[in-house]
Amino acid sequence: MLRYMARRLLILLLSLFVAAIVLFVLLRLLPGDPANALVGVGATPEQIAAAQAQIGSDQPLAVQFVTYLGDLARFDLGKSFVSRAPVIEEISRRLSVTLPLTLAAFLLSMLIAIPLGILAAVKSERWYGLLLSVVSQVGIAVPVFWLGVLLVYVFALNLRLLPSGGFPLRGYGDPARAVTSMVLPVLTIALIMSASLMRYVRAATLEVLGSDFLRTARALGESRTGALMRHGLRNAAVPVISVLGIELSTTFLGAVVVEQVFSLPGMGSMLLLGIQQRDYPNIQGVLIISTLLVLLTGFLADLLQRVLDPRLRKEARR
Amino acid sequence: MSAEQTDNLTETSGRRRSRGNATYWLGLLLVGVIVLAGLISFVWTPYALSDMVGGRLEAPSLQHWAGTDRLGRDLFTQLMIGARIALIVGCGAVVIGAAIGVTTGLLAAFATRFLDDALAAVFDILIAFPTLLIAMLVVAAREEASLGTAILALGIGLSPIVGRITRILTKQVLGQDYITAARVSGTSWGAIVFWHILPNIAPFLGVNLALQFGLAVMAEASLSYLGLGAPPPNASWGRMLQEAQGTVYTAPWGAILPGLALFALVIGINLLADGLRDRFDPTKGAA
Amino acid sequence: MSLMTVENVGFSYGTGRKVLEDISFSVPKGANVGLVGESGSGKSTLLRLLLGLDSPQSGRILFDGAPLQARDRAYMRGYRKRVQAVFQDPYSSLNPAHRIRRIVTEPLRSLKVPGDHLAMAREAITSVGLTEDTLERFPHQFSGGQRQRIAIARAIVARPELVLADEAVSALDLSTRVRVVDLFREISERMTMIFVSHDMGVVAALCDQLIVLDRGRIVEAGETAAILRDPQHSYTKSLLASIPRMPEGA
Amino acid sequence: MSDLLTVRDLRLSTPDKVLVQDLSFSIAAGERFGLIGESGSGKSLTSLAVTGLLAPGLRAEGSVELAGTQVIGAPERRLVGLRGNAVATVFQEPLTALDPLMPLGRQIAGPVRRRLKREGAETSGAAVRAEVMALLEQVRMPDPARLIGAYPHEVSGGQRQRVAIAMALACRPRLLIADEPTTALDVTTQAEIVRLITSLVDELGIALLFISHDLAVVGQVAERVMVMRHGRAVESGPALQVLTQPQDDYTRNLVAAARRFDAALEGQG
């Protein structure tokens, strides 16, 4: 297991390295010199030259590449073209919005989807089991921003229970407002996410319910529920975990839309702003950190699956 | 040879099959209505797209079936054009996504173990990046937003999903005895791909591509919502929603209707795909 | 005159345990050889080597006096014309998307055999006991035994000299199995055959010669009748003793 | 009626198709009964109907009386009480019939604990463990101490089937159903498992319902047999009589086919 973890971590670092190279190449392939974006339209050649010297884009590509990797290794993501603030500071400020948002939505969606998904599978022949699977089918077709706007319309504008958007300037220094402003965004993401998660939980549970080993347990006197608890959950968990990992990643990276609906200053809006302002260091920083999080999530999901499933452990040994 | 008859025992009861058929027809109806609206928009719309033909934020009425926006433009016209754009972007993105995805997926399935592992890992990592995010980056890389950029961006965004499913399906077919039998019959790999693999993965791939179409339409709306989609004079449900968001309290229909249209198209496609999957399922005896 | 000769062949997947070790035997022209072994004996791997789907890591395989060149396309085309195969699973060995006509004529097309392919397919399909209208239907319309007959028609349509069969009757019900074994028996009178199976009874009913494999090695080989009468190796003895027999009449 | 199991006019059907009909047979306590049939004969469905484990889409009619309880139409709660107590089943494929994620010892411990509770005996960890070890000895498992911690994929097919038998015996049932228990195994392993099952049911006085497509194997195990085809019984009677002097055409055909391979083995092919 330890050897596997070490190998997996090595692959993770390697993937991150490859991702960094790909990003470097992509950003250099973009049309125009980033210095142009820095100084804006109508700048004099001298201003452009100064800007080039400032960000190092006058250097040969090889030199730029080495500097870039060296900076990355020291976790230096450079400075924003627009605000001139270090990218890493901006990211950590915005992570403090997006990370709690994503994690809260993720936990909430598990709380909703896992019990309901199992129920939908166990009672798939009853009307409420059917209804649950219809609801989840409907749920995955709901556009995230639409749900967000509808929730705002109902809870913020009509019932006036919660703020319609924004995040306190003082951040968590104003805890009550910070938390209330998170409620609707979390709900929006969690509802959409639980719809698709429920489908996977239902499918995995149905698969286990049809399995030979569950039939064996029942044939030897275990009740249906007892057999499901004793053998089913663990077996259903294995495929669901990899889905959970992907859901967590896509939710984190897809938070951009919800952040936009609720004007939250998160990672997604930082990326969107970066794209609009051609702020390359910010784009690059967001992508590197996101990739790292995606890879880490995948790593954790793999590890968890291996803990649950001895067959995977055997494959790793080979 | 009556003793050789085999009973294929499926647990599907008649009731379940008819339920599957009902959802299939519902899906067909929803998609059909939107496709029709999109097609009609080429020859007729109630008003011109950007003409200010009514008062501001008018509620739905006989003159303006879906009301008007804050500049007094007809929303039903925008919805119809929006359907057209959604369908064009969805189809274009699926074609591009399939072209890239099927090629790389087949490549991975046939490659040496090392290349296959590497490509599989790339698919797995890229799948964790939502289609929307990949599309955003492609838009960022192109200098200006246009319909073509949006299609290209979403197509690239879809390709890892298609690649992954193609690889898995191909590997399943490659494990079948009829592939070995074809090799023993002297059939070349090219002919095996064309005659044995593609016909057998096509039904499943087709169903999957239908689902990807829904995903692409959804991502296009998100892209437009974020202001990175096809620019005016193209109408897009995503941008309509974004524009109506500020006035949702006074004129909720402006935000509700485009979202509803998008929802109907996506769920229609999903139902249709489910129905098709049931029809193609070889265990149910249909070929 | 030996048609197929295997000399000291060894094989293993990846870096794992040896699947086959030091396998040597020869198949005379016109012979009907049974390769018997339980799961893990390496019999299926050996068959893949004989079909040129994999290459042995040590030793060599001679076909008609010349080495089998699995990587030489031109050579393999000639080889495939002369060597065909029938596989185990009647459900997965026929492409479900094709008509039987297409399936049976595939070797003719792929190997560019001259002549009227449809006429040859008709002849092959009737010679396995099916009617000509079979050709216009799809695999899912047939039972397991009928499908296996179709697979046999495909194997013999190009008139090969050697047919290899991999557990070709194991998936069939008893009453069907008897009839398909009879069909194989009939075919073996026209060409050389290597029949791989775990079922000693089937091989005994079908093959004149017998090779017994255990864990990647040949433990016994010779005339079928002689081995059945007087098995030498302890594995063959226990194998024969384990086979359940019908009770004798009271 | 002293019969442990009585099946009368059993009919199993889906909405589109009748799978089993007009089926009647009975098994006395301690008797070894064989059910012979090729694929699609409905023999496995019959065994599932006896334990009330049919898939939800299947409709069962007629009467199945097991240890004095009517199975057909019985509520699930009563069936749970019956399974394990009156009847236990060993299935065909031991790899999928065991939970892949649970060590073998714990899988056997499940039914052991249920039975101890039922009998009002002590259910401490030590008592259960001792019983598990005793069962593994009983099914002649080599090196039981090691196998307790092993997972199904880590042991051979024959050993997996021994574990499945141990689990069934752990229930101390009055009827053991063995549904093609040796079909997935090699011949040499098959012979061992067949011997094991016959000697154990005799030793413990358990009735056996042995289901197989293999006439010779059934002949070794059963005292009485029934032959099924397309969901109907075509012939039944003492095993020796049916297998040596079959009356029905279909059975005659089957017996002749089996005898042909036997004869080939004797060098008379």
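Order of writing sets the labels: A, B, C and D. Residues in every chain begin at 1.
Here, contacts are C-beta pairs under 8 Å (C-beta built on N, C-alpha and C of every residue); 3 or more make two chains touch, one makes a residue touch a chain.
Bear in mind that the values here come from a model prediction, so they are computed numbers and not experimental data.
Among the chains, the centre nearest to the mean of all shown protein C-alpha atoms is found for B.
Of the two chain pairs considered here, A-B and B-C, the higher C-beta contact count falls to A-B. Farthest from chain C, judged by the mean position of CA atoms in each chain, is A.
As a whole-number value, the distance joining the C-alpha centres of chain A and chain B reads 22 Å. With centres taken as mean Cα positions, chain D sits 50 Å from chain B. The mean-CA centres of chain A and chain D are about 50 angstrom from one another, to the nearest whole unit. Multi-chain contact residues of chain B (touching two or more other chains): 3, 5-6. Under the contact definition stated at the top, the residues of chain D that touch 2 or more other chains are 38-39, 56, 253.
Residues of chain C touching chain B in their complex: 51, 53, 76-77, 80-81, 83-85, 87-89, 92-98, 106-107, 110-111, 138, 140, 143-146, 151, 154, 172-173, 175-176.
Of all the residues in chain A, the ones that touch chain D in their complex are 125, 211-213, 215-224, 230-231, 234-235, 238, 308-311, 314.
Of all residues in chain C, only 38-39, 173-175, 177-178, 198-202, 204-206, 224-225, 228-229, 238-250 touch chain D in the complex they form. Across the interface of their complex, chain B is touched by residues 11, 15, 26, 29-32, 137-138, 140-146, 149-150, 152-153, 157-158, 245-246, 249-250, 253-254, 256-257, 260-261, 271-272, 275-276, 283, 287, 290, 294-295, 297-298 of chain A.
Taken in their complex, chain B has these residues touching chain C: 1, 3-6, 176-178, 180-188, 191, 195-196, 199-200, 282, 285, 287.
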